[in-house]
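You will see chain A twice below: alongside chain B first, and alongside chain C after that.
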Partner chain A sequence: MPDPLSVLTSMSITLDQITKRYQNTPVVNDVSLEVGDGEFFVLLGASGSGKSTLLRAIAGLTGVDHGRISLHGRDVTQVSPRKREVGFVFQNYALFKHMSVADNIEFALRVRGVKSAERRARRQELLKLVALEGMDDRLPTQLSGGQQQRVAVARALAHKPQVLLMDEPFGALDAKIREELRRTIREVQRELKISTILVTHDQEEAFALADRIGVMNLGRLLEVGRPEELYARPATRFVATFLGAANLLLARQTAQGIRVGATPVTTSLDKLDQRAELRREHEVVAMLRPEEIALAEHRDSLNSIYLGAGKVETIGFTGAFERLRVRMLEADKATLSADADEDNLAILDVTRTQHEQRLLPLTVGQSVAVGVRRIHVLPTPLSSYSVYATTAVAVETLKQHPLLVDLATRMKTRIITHVEPHLGQVVPTKSQAPLAGVAVIAAGSNAVTQLEWLLQRGTCEVLILPEQYVPITRVLIHWTGEEVRRATLSVAASVLRHVPAEATYLNILPETESEASKPAGMRELLDARSEAQAVHGLEMRTELHYGDTVPLLQRELSQQNSHMLILGVIDHADVKQRFDALLQQSANCPVLLVFRADDSSSVGKRV
Partner chain B sequence: MSGGPSQQLLSELASRPGGNSWADKLIRWVFISLSVMFLAALLISPLMIVLTSAFAKGASIYLKSFVDEDTFAAIRLTLTIALIVVPLNTLFGIAAAWAIAKFEFRGKSILITAIDLPIAVSPVISGLIYILLFGSQGWFGLWLQAHDISVIFALPGMLLATMFVTFPYVARELIPLMQQLGNDEEEAAITMGAGGLMTFIRVTLPKIRWGLIYGMILTNARAMGEFGAVSVVSGHIRGLTNTMPLHIEILYNEYNYVGAFAVASLLMVLAIITLLIKTVIEWRGLRG
Partner chain C sequence: MAESRQHTVLPGFGLTVGYTTFFLSAIVLIPLAAMVLKASSLSFSQFIAVLLDPRVIASYKLTFGTSLLAALINVVFGFLIAWSLVRYDFPGRKVLDALIDMPFALPTAVSGIALTAVFAQDGWLGQQLARMGIQVVYTWLGITIALTLIGMPFVVRSVQPALAEVQRDLEDAAETLGANRFTVFWRIIFPTVLPALLTGFTMAFARGIGEYGSVIFIAGNLPMKTEITPLLIVIKLEQYDYVGAAALGCIMLGMSFVMLLSINLLQAWGRRRLFVGKR
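Then we have the complex of A and B:
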């Protein structure tokens, strides 16, 4: 961590937990961000992700419901947009059509009462900067789109703002002009060293311009990083698939390394997460970039790791590259991707260079050996969903649950169904293979016994779904011990990336020790918040309560049925004894139970 | 506000394949002649009658009919009313359009309906409203009498009636325009440090000026030509509360056809002048 003071002084834009709601739905959800001096930051997201709202909030054109905005150390949250000293460039140029180019550029200077000679000098300087010299007397309507946007950039810079904000500035331009203007803007930004935030939905544009990229989805800022970093090692499914194409496969991580289907893939491919809790065998999400997949005629001629046999489905030509879709031939329930067909056969996107095409020309329908050069394992703890119920009908109903469907589609993952007639009745032996992914059961009187049955079979996350479903607006997070904090936070972060809800962590202390334990309780809150932010990129509120955990949680949940609870538990017995009542009675809210046996000591011995 | 589709669009339509068939030519001819016939029957012929009747007894008689104190007073009153009503309604119209186009508030739809009310209500009724309010038997009648203020059968009543009738024109013209033009330019001005008034004068006003001028011209035309509402509240006192349209009626009823049509032709000339001003402004606006 760098020295916090030096960070403060070199940051020109600081956003602290910005939230903006429209009709109670957060469009910008707890966004914190720091943009350095002279940095070119690109906010990337699909339309409706809240990126434009966030940019307008920085300029003051939109108010915020929560949070603080500072520009160069000055808190401007309550400052009117005309006093914020920002330059703003709009998608549709927003030039004053009745004014000449010169008058447009000089507008901000005229407002400030700058003398005419000085105005003219500044105007000449700016026109030179955007390569429009001599266009002073033209009207905006006499200029092309690209030229108009250049004027808009010059105009936004006239009053020497501290910060330049651009909202899809290339959106209305065609590809050639777009590239040219992109280069100009990058040069101007470098020359003036002005801190810039540009909003776009175009990942190519983001890569070309950004020092750092922030990806937004559903109002949340999911990940921030340098372009090449985000591309190679995304932490979330959304970023993996939004920044370029990605094949997401469900793999198993074992003590020896990653296994995709039946094929062991060595760990040397990418740095593995060596945390204790991840060392036991479990399901993970592996990302394979299309250009990292190699195709060969036979397994032997493949000089990368063999994934399996496949068949070429389609071939497309895109200029520099060839795009193929290859269907994997081995049906293996453990190797499912979002793109799998009904027979559970994964379909991979593959791109090949001209060179590779010449070495091995392929035709549709041809069988190939599929290999992979590099695998990146996403650090998300939620890989897939397994629905459990005693009858086939119940399984189908549960599978159609709106929350589950929402989560699965947004996570681009699969829902596997299991009909277990003896669910919750027979105590199984522990030798059975561990279950994959998050188990899903229905709320009700049987939920607790079913839950126990699942936990004994080694399930770590169980989602309990109520029959009635109201879209979730708030997620409550609580854990019973520090040992399960990391796991709970990581699950919560993963869920919250796919649900447009606000997150609150509840720390509950016994009532008797309220005064004495307050500092410790506050520290726990702060620790939890900073860990959520630093490790999982999750922004959440925190609340400290005194009293008994179960009644308190019950009360919080009963306030509204649009709440969801994510509960971290360490002790097996806890589930039955303490949370029995909670799970029975709060049947209107979805509950996601995160269970981690307190075995850190035993793991330590084993390794 | 310059009318019609662009030259480009017209030439594109004309260049479409199959555009020169005899059916197409026939349809074009029918449409053009229908329009011209309607105009001739409903607009040009009455205007011609006005002019011919006015000059029926020669130009000297025509000119003499203006040398009459009452006629003079009517002309003066009409111009006074227009001069007061047009600026006031321009102001109100901008305010109402601004409120509707830029803000969300409770009762917005009620305000929109209220603006349209004068168009829907018969002008006679709008005049009667003021009689009911300010007449000697009306709600405020006694109070007004006690304070020696005359509204009905005097200039204030006529102003009120005219304003009521002409209120919608500026607002109606501006609301769709402002909604369509959006807020981007104003927002740009604000981020550059401009205040509310400056943004309005330098950015919004130039943006909406054609719509505004058009609305003002409509307001002016209606203010000068209004008969029904003004007739109810004016009391037809010659030389005092007679506007030009009312005066024309009186002259006509007195069988002074030349006088009636002479004043009518003057009203027509005023209308033509308004249209000319509009055209000149538009033409200069287009030239930059």
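Then we have the complex of A and C:
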């Protein structure tokens, strides 16, 4: 496939759709990344997120199953680690214990046949750089942990590598030494202007060091950005909660602005997403940082947007800040917090400075007015899940579905249950409020009628779950019209952030015109891929097929039970006429249907 | 330990040391002393005469030579076995791992008979080798093979844990620094497991010198050619020449002791270099 990225040469490190699987599960899932010359890039993620595997892949210590790695414009995907000219620093230092500090540092030069005098000069230079002058003859075991890691850094830099890779270099050190070494590494990196990738699970460390941060979860690179940008305006729930504390609230976005429960909250404080797609009234996830929440005795004394009344639950002292938990007192059904108690009352994390604390001392149990200085709406299309079935038992069974539970837990959202005895039978008579979130129904012969019922009531996303469930390894993405492309991609991106599966977009063209339409088909694939990448942060493969849509999708789905289909449709009639068979027969695979009525099409294209 | 009043698992330093000394004396030192005493009933010239008997000298050469050779073979192949057991996961690895200990458990005479059966002129392997003009039984080659079999587990079992402890990161680090595989092995892995390898070598060597049961069948025991020292001692005993046997024993004792001591010192030096400052 031709690659538009190959023209870029000012990038130090270019990763193009790197995938690494262990026993069929992708541990690094379609990661593309560019690190600029002299940039300090931090890969942040929990353990098991695939960040270390990715780093090892860049160094060549782990092979990749798919994708390309370039260092300074040179494709090194097939190059052995010893020829990649990288410096690697390990968490446990990995110093050669039987060699002195000098021998350790000179190792890379010695294997390159550098003369003794030159080696010594370089060693002195490096030891000075890491502030370990005069330690030449020590053995690693005679040094402290911090000193050993300094030696390891010096050793990794000896052969003047093009890039420096560090795998949790501070992991084994205590807090004080960690900070000291962190400073040293930052200084060394600035001085040498060497492109660096550091892997860590510590967000504080990432903030302190990074020019840019990339957050990884479940093998995917979720978001990349400058620290302050990512902190203030994350695009995903995971990044919002991983980079510091965040209160996630379900809110409704309307043409007028954002409403949290019954309270309209203007979003003039933050740039409101003006995309037409979001102008239709729907449920959104709002992020409130604990430090952006204001507390006052009365609503009138708040000089920020009023959110509601609350009660102080707990107070904790952490030195510079006071940490409170405040329970919101309004149990509005629309305001379901991701973190709420049994009565659906949202609990907010609040931090206050010493100054705020002195102005308004609070005690546990006290009633307060809660305001918010800044709200950020996450551009994620999946807010919550609503399970629909005809009986209470069926609802409960469906609610326990492993895929649904996984998705809801990882999205930190809740599952609301609805028992609708007439689901799929009676056409809803009076116009009711549009349903919120993703509707969930069971697969089976009734699925299609139930689906129609839900679509008529204004549901836009319906998840159809099979009884038998195999963990998903591959998600197929397809849409029937350009109008729903954006919405489908956005939903797919959201789902794929929360399941460790590989994504493939299937473009299906009629068989008859296969040769003539091939260039256009390929272009569509590339367009879709770059839109997914640029707008939704989703990396996906693309496949071009010829034939009839429904049988083709059916064939793809029947290959393995571990496939899932995300299907974008624009026409009610389509569901009944074309996809009826697909939805009934591929009952073993979960299907997520994304529906957008035709009318949004005109604006959708303009964006 | 005695003065630092620390709580230890075994009670009483005095008691422990007493116990150790007593058993070491009763089982090792006193019998050895008795042997030396027995040998000393010979006059010096008689003693020398026993030692310098050409048949005896030939047996020394054979015993120490084949033991050394077998131990060296074991160092190479024992290392390889340990390497594949530690580094690779293959079907039957557990079974192979258990088989390593077989020479420990088998009566040595059984090993000797088995080897003789296989390597004899009309045996399984012996036939093939004979066709190539190589005779194994009744030659030093047969003895070496027997001693290799006996000594192999010592090397594997001492190298295995050391090899398992070599961090993969060390190899990875060396590789990112530009070292090729050969360099990684010689500069990183080998120095790290060298002490363990030396231990294994010492034990295999020591075992080879003392080995009797497995060798006498395959050796054929031709005087001056395939007679090992332990056999000579037995022959002397059977001829009621206790003093001569004791004299031969003393010499073996002395030579073995010097060798083991020097290897131990070498090891201690290596260990000090590797783990200095750790305690």
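What we mean here is this: the second predicted complex is superposed on the first by the 591 of 607 C-alpha atoms of A that agree within 3 Å, B and C clash if a C-alpha of one lies under 4 Å from a C-alpha of the other, contacts with A are read in each partner's own complex, and residues count from 1 in each chain.
Simple rule for what comes next: a contact is a pair of C-beta atoms (placed from the backbone, for glycine too) under 8 Å apart; a residue touches a chain by one contact, two chains touch by 3 or more.
Worth saying up front: this structure is predicted, and the values here are computed from it rather than measured.
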Clash or fit, chain B versus chain C on superposed chain A: clash
First, second, both or neither for A:Arg112, with chain B first and chain C second: both
First (chain B), second (chain C), both or neither touched by A:Phe321: neither
Partner chain(s) touched by A:Tyr469 [first = chain B, second = chain C, both, neither]: neither
Contacts of A:Ala59 with chain B and chain C, given as first, second, both or neither: both
Which superposed partner A:Tyr546 touches (first chain B, second chain C, both, neither): neither
Touching partner for A:Arg84 - first (chain B), second (chain C), both, neither: both
Touching both chain B and chain C, residues of chain A: 59-61, 81-84, 86-88, 90, 92, 94-98, 107-108, 111-112, 139, 152, 155-156, 158-159
Footprint of chain B on chain A - complex, ascending: 59-61, 81-88, 90, 92, 94-99, 107-108, 111-112, 139, 152, 155-156, 158-159
Of chain B, residues touching chain A in the complex: 184-185, 187-195, 198, 202-203, 206-207, 288
Residues on chain A engaged by chain C in the complex (per definition of touch): 56, 59-61, 80-84, 86-88, 90, 92, 94-98, 107-108, 111-112, 139, 141-142, 152, 155-156, 158-159
Touching residues on chain C, where the partner in the complex is chain A: 167, 169-170, 172-180, 183, 187-188, 191-192, 273-278
